[in-house]
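In what follows, chain A forms one complex with chain B and a second complex with chain C.
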Partner chain A sequence: MRMIFKTSYDADINLFRDREQGFWYMTLLVLSLILPFLLDTFWLGEITNVLIWAIAGMGLMILVGQTGQASLGHAAFLAVGCYANVLLQDPVGLPFILSFPLAGLIAGLAGMLIALPMTRLHGVYLAIGTLAIAILTEDLIVIAEPLTSGVMGLVAPTINIFGLEFDRYGTPGRFYWLVLAIAILMVLAYRNILRTPLGRSFAAIRDSEVSARAMGVNVAWTKAISFGISSTITGLAGALMGHFAGIFNNETFNIIISIQLLLMIVIGGLGSIHGAFFGAIIVALMPQTIAILRDTAGSVFGGGSVAIPGLESAIFGAILILFILFEPMGIYGRWVKIRTYFQLFPFYRRDMFRRQKSYLKTERMR
Partner chain B sequence: MDVLQLFVSGLANGCVYGLIALGFVLIYKATEAVNFAQGDFMMLGAFICLGLTNPQFMDLPFWFSVPVAILIMGVFGYLVDMVVLRRMFGQSQVAVIILTIALGFVLRFAAGVIWGHEPISLRTPMAGEYVRFGGLVLGLSEVMVIIVTFLLTLVLYVYFNRTKLGVAMQAASQNQLAAYYMGIPVKRLHSLIWGLAGMVAAVAGILFASKGSIEPSIGLLGIKAFAAAVIGGFGSLPGALLGGIIVGLIEPFASYYIAAGYSQITPYLLLFLILVFRPHGILAQIHSKKV
Partner chain C sequence: MKALLEIDNVTLRFGGVVAVNKVSFSVEEGEVFALVGPNGAGKSTLFNLVSRFYDPVEGDIRFAGESILDRRPHEIARLGIARTFQNIELFEQATVLQNLLVGRHRHRQGSFAGQILFTPFVRKEERRHREAVEKVIDFLDLQPYREKYIAGLPYGVRKVVELGRALAIEPRLLLLDEPASGLSVEETQDVAFWIEDIRKQMGITVLMVEHDMHLVSSVSDRVLALADGKMLSLGTPQEVQNDPAVIEAYIGTSDEHERVVA
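Showing the complex of A and B:
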């Protein structure tokens, strides 16, 4: 294991811990840049989907992983971002380069507006409140039919930036690079938010609201800001999702998507950017993997490939149960353990990551 | 007369919501965890009873299969806690929420594989029977639902407040460590309460199935029951019933008087307003936050 000898204050906040780490991330960057030349159109589309889900996951991660507020309603912000982006382009006539950030801003404002009355809630109550918002949003899309054309849905136009066309089917490589660029920007923004005083107060609230208040953090306001940032990023992901899907309606952003988003970041590993990406890989690639496995099984055992309804979410649920029981820190947590095992090679102990036993207390009087 | 008819059918619906909400509240009151799979427990209870009763499956008499289904669900709830949730002991509420959501996915899939995705109706001796009160014609099953729900809530309320075991469950929830010091077997109590919640879910499921057909996705009714539990005040047994009845009553009246499309959002709108203005429900149980 390499020890880092810190010679300046910058060493604490540098983007990469050392050159070796920087080298590996740069390799990853180069690999993802040349990906369109290595993969066919189908898999490139799937990877683009993974990236979009990862952006949405990062948005939720700020709220759940960093601030410790569980939200079961983030599909609502996906929907706000998606509809705002397309509506700003079509009837209003703004170009994508303006409508996209504006869509994020609108989703962020919506998130803050919703968060302000809800900051008094925590734990279970917040989860239920956000759940109600997700359900309300789905119905509101149907009610606001003149604007959103209800269950008929809207069609996302081809993205056009200064004459360059970005289309999922027409120019999949370009669309992938656009999504990749936005994903990288989001990762940098996420990293930088964590280094600011704001990011530290997020963590303080996550660990203990009472002590955060004692340290002078304005808990309600900070939670609202966290909600705002989170829904901004989620809204941007929603806008991309709209362009990726091409056509969307109220069903595209139903309550199952909200739940899936939350489950995704838990599988990936709460509180880390890696977690959002690992979770997105699982969620976005699983339908295809199941389909391929089913076809293989069908050809081996001679049976036809019969689609079993609900199989996907059942497998997803089973994976999740196993993770929560045996690896509560998710895929990233497991990766950190494996890495530590090799770094400290003969000295790794099993209890190194064991948490202290805790007991619950209620706030109810009877 | 229209209004009265709406009132009774809404009350019967509300009682089913209330029963599911009771399951939520039971588990929350005793273990401080929230079981998002309660709706799916209800679905499973209904399907087990249906599988025992209906001619295409086991064809047993209805009054025999009801207690058997309730018993099976009780054992199922106990085992779920013993095998899965006991490992989560002391972890955060959110982790338990996520776990039970995933459990719900798995249960829905299992029920779909065993009993299929087509709506099936339970064969009960109550089907097609009517009771007349003056000029009012009520389905016997609706009357049964209302009576059984009120009795069950009363029994559970007395159980929690008057019996030793009930008080021990409350103690285990309020402060686990102190409950251990008092010699309460906290873990076994948790399993017992999950068993009890499973039994309540089975009752809710059978009553729901007696009013109409069922399919695996009725477990999603749990979300509405959840709203009911919060409206009434999470952690209060009469509150759960009250919330369930409010939600049940709002629905038919809203669809009768308000334009379609707007009516279905009223329960959630009410939930949102309650959360904003009275976050701990109508019959609140939390008074002030202590460090």
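Showing the complex of A and C:
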């Protein structure tokens, strides 16, 4: 059992709680950096995919986990980011280093514009509203054919930064490092938001809008900001997804992706950066895991590998149900419990994380 | 003494129900002013009018001489009016520290980009806010709960945290909606001492709604009794408690039956 004695306010402001925590994160960083030397191209590609999904998850997490606004339409911002990034490179002729941040900015502005009317809605109505946005975007991609070449799709060019080429197949290591660098920047930005008034006003809106207002938080505007940050990060992930997939069309960003994104952060653990990463590991690695398991099962029991349609979604759904029933705080919640168990050993109590219910919400105002 | 908050002939209707009916009073700078009355008298509605959650159909509300009717709800805290809620509206999934820091929202400085990059200026600001919040923590003896999540705290502590959050705003006027409801005798005693100190040490004017007449008469300078949205009696706690109209509103009179018949 360890006790941390805080001797300055900075102890609560710093990125890492103490040296030990800093050490572990640095170890993780070093491990991530040397990963291209340890893994083959296939697995490196899979890890890159995990990172891209984690960035998208962080985007949605800001909105859902931090600000408490549901969105079933985040595939729309993936699409906006992806198309903007590629179109800015190809017909417009900007280099990736400009088109990429611009794509994020465009997705962010789109998000804010949508948010200003949309965030007047609450709960399930907001979810339906954002769902409509996702469906609309899918159709818009088909309608705007001269720009997006509709169902034919677009091909993402190879990323070129000052003469260095980043290609998923040609230079998988470099592509991985690029994605890793962007993921780390996003984590830092996310952490910084959390420890400033901005992040606290998000949490205030999530937990009680009426009291956030009484504290001087401009609720409508702050929701729009949250939506904007969220769609910016998601848009950046979309841009990376485009380069990762190589070719994409309206189907790449369909409604299933929106739902998958939302389920991902719920499974990972709402309200934490860890949750976005844990969820991304599940979502991005599951198809491969199922395929490998199927092959193994096929070779053991005979009968070869038979593809079962819909198996992936079924397993995904089952995992989600199990989590909501047994661990509503997601994988991160379980992680925190296990960590606390060892930190407090042998003083951990079973109901340590049980939250007291408050029954005095009768006269709540919206 | 000059009036800090003036409620001028304010009326509010919900459909056919007149929740507040031509109420006028003013709270002087530096006093503790209490609103009392039976349930549904319009006390909390008056708070919500001052918080600008409701728009009055008639009348004017002035703070420090200026009408606040053209202000939006989130601008009220910036003017220096803080409030607590009858049923505790804390940020449940956040720690006590974070809750109190939200109270500092109106004092925040630093740009959007600065916050995302966490510039040295933003860090300096964070330290400043933390210092202010620590003062509140010391004042209310909340030290053991800094890192605790609200969702796991007992009712009495939550009540204190909400008071602390309002104090973190560093307001000129503090609206307390039933600060002692649900508290034990000892805790109510604490609240009485705190209200005294808030007025004397911090120089904050207090307007409160409270049912505990013992608390009301021990801390407040003036009391306004309301019933059915109308003003019944205004004066010192002693005067109001002895006013026949107030007694009638609370327990009725013996000749009520005759009056109804007549």
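Operating definition for what follows: the second predicted complex is superposed on the first by the 355 of 366 C-alpha atoms of A that agree within 3 Å, B and C clash if a C-alpha of one lies under 4 Å from a C-alpha of the other, contacts with A are read in each partner's own complex, and residues count from 1 in each chain.
Rule of thumb we're sticking to: contacts are C-beta pairs under 8 Å (C-beta built on N, C-alpha and C of every residue); 3 or more make two chains touch, one makes a residue touch a chain.
Just so we're clear, the structure is a prediction, and the values are computed from it rather than from any experiment.
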| item | value |
| --- | --- |
| Chain B versus chain C as contact partner of A:I290, first or second or both or neither | neither |
| Touched partner set for A:L87, first chain B, second chain C, both or neither | neither |
| Partner chain(s) touched by A:V210 [first = chain B, second = chain C, both, neither] | both |
| First, second, both or neither for A:R200, with chain B first and chain C second | second |
| Chain B versus chain C as contact partner of A:L105, first or second or both or neither | neither |
| Touching partner for A:L320 - first (chain B), second (chain C), both, neither | first |
| If touched residues of chain A are counted for chain B and for chain C, the larger one | B |
| Which of chain B and chain C A:L39 touches, first, second, both or neither | neither |
| Chain A residues contacted in one complex by chain B, in the other by chain C | 210, 358, 360-365 |
| Partner chain C, residues of chain A touching it in the complex | 9-10, 12-13, 189, 192-193, 195-198, 200-201, 203-204, 206-208, 210-219, 225, 271, 355-356, 358, 360-365 |
| Interface residues, chain B side, partner chain A - complex | 28, 32, 34, 84, 87-88, 90-91, 93-95, 97-99, 101-106, 108-110, 112-113, 117, 170, 173-177, 216, 223, 226-227, 230, 234-235, 261-262, 264-265, 268-269, 271-272, 275-276, 279-280, 285-287, 289-291 |
| Parts of chain C lying in touch with chain A, wherever the complex brings them together | 48, 51, 53, 72-78, 82-83, 85-94, 97-98, 101-106, 108, 110, 112, 115-118, 122-123, 126-127, 129-131, 134, 149, 151-155, 158, 165, 169 |
| Complex interface listing, chain A residues touching chain B | 64, 70, 117-118, 120-121, 123-125, 127-129, 131-133, 135-136, 139-140, 142-143, 210, 255, 259, 262-263, 266, 308-311, 313-314, 316-318, 320-321, 324-325, 328, 357-366 |
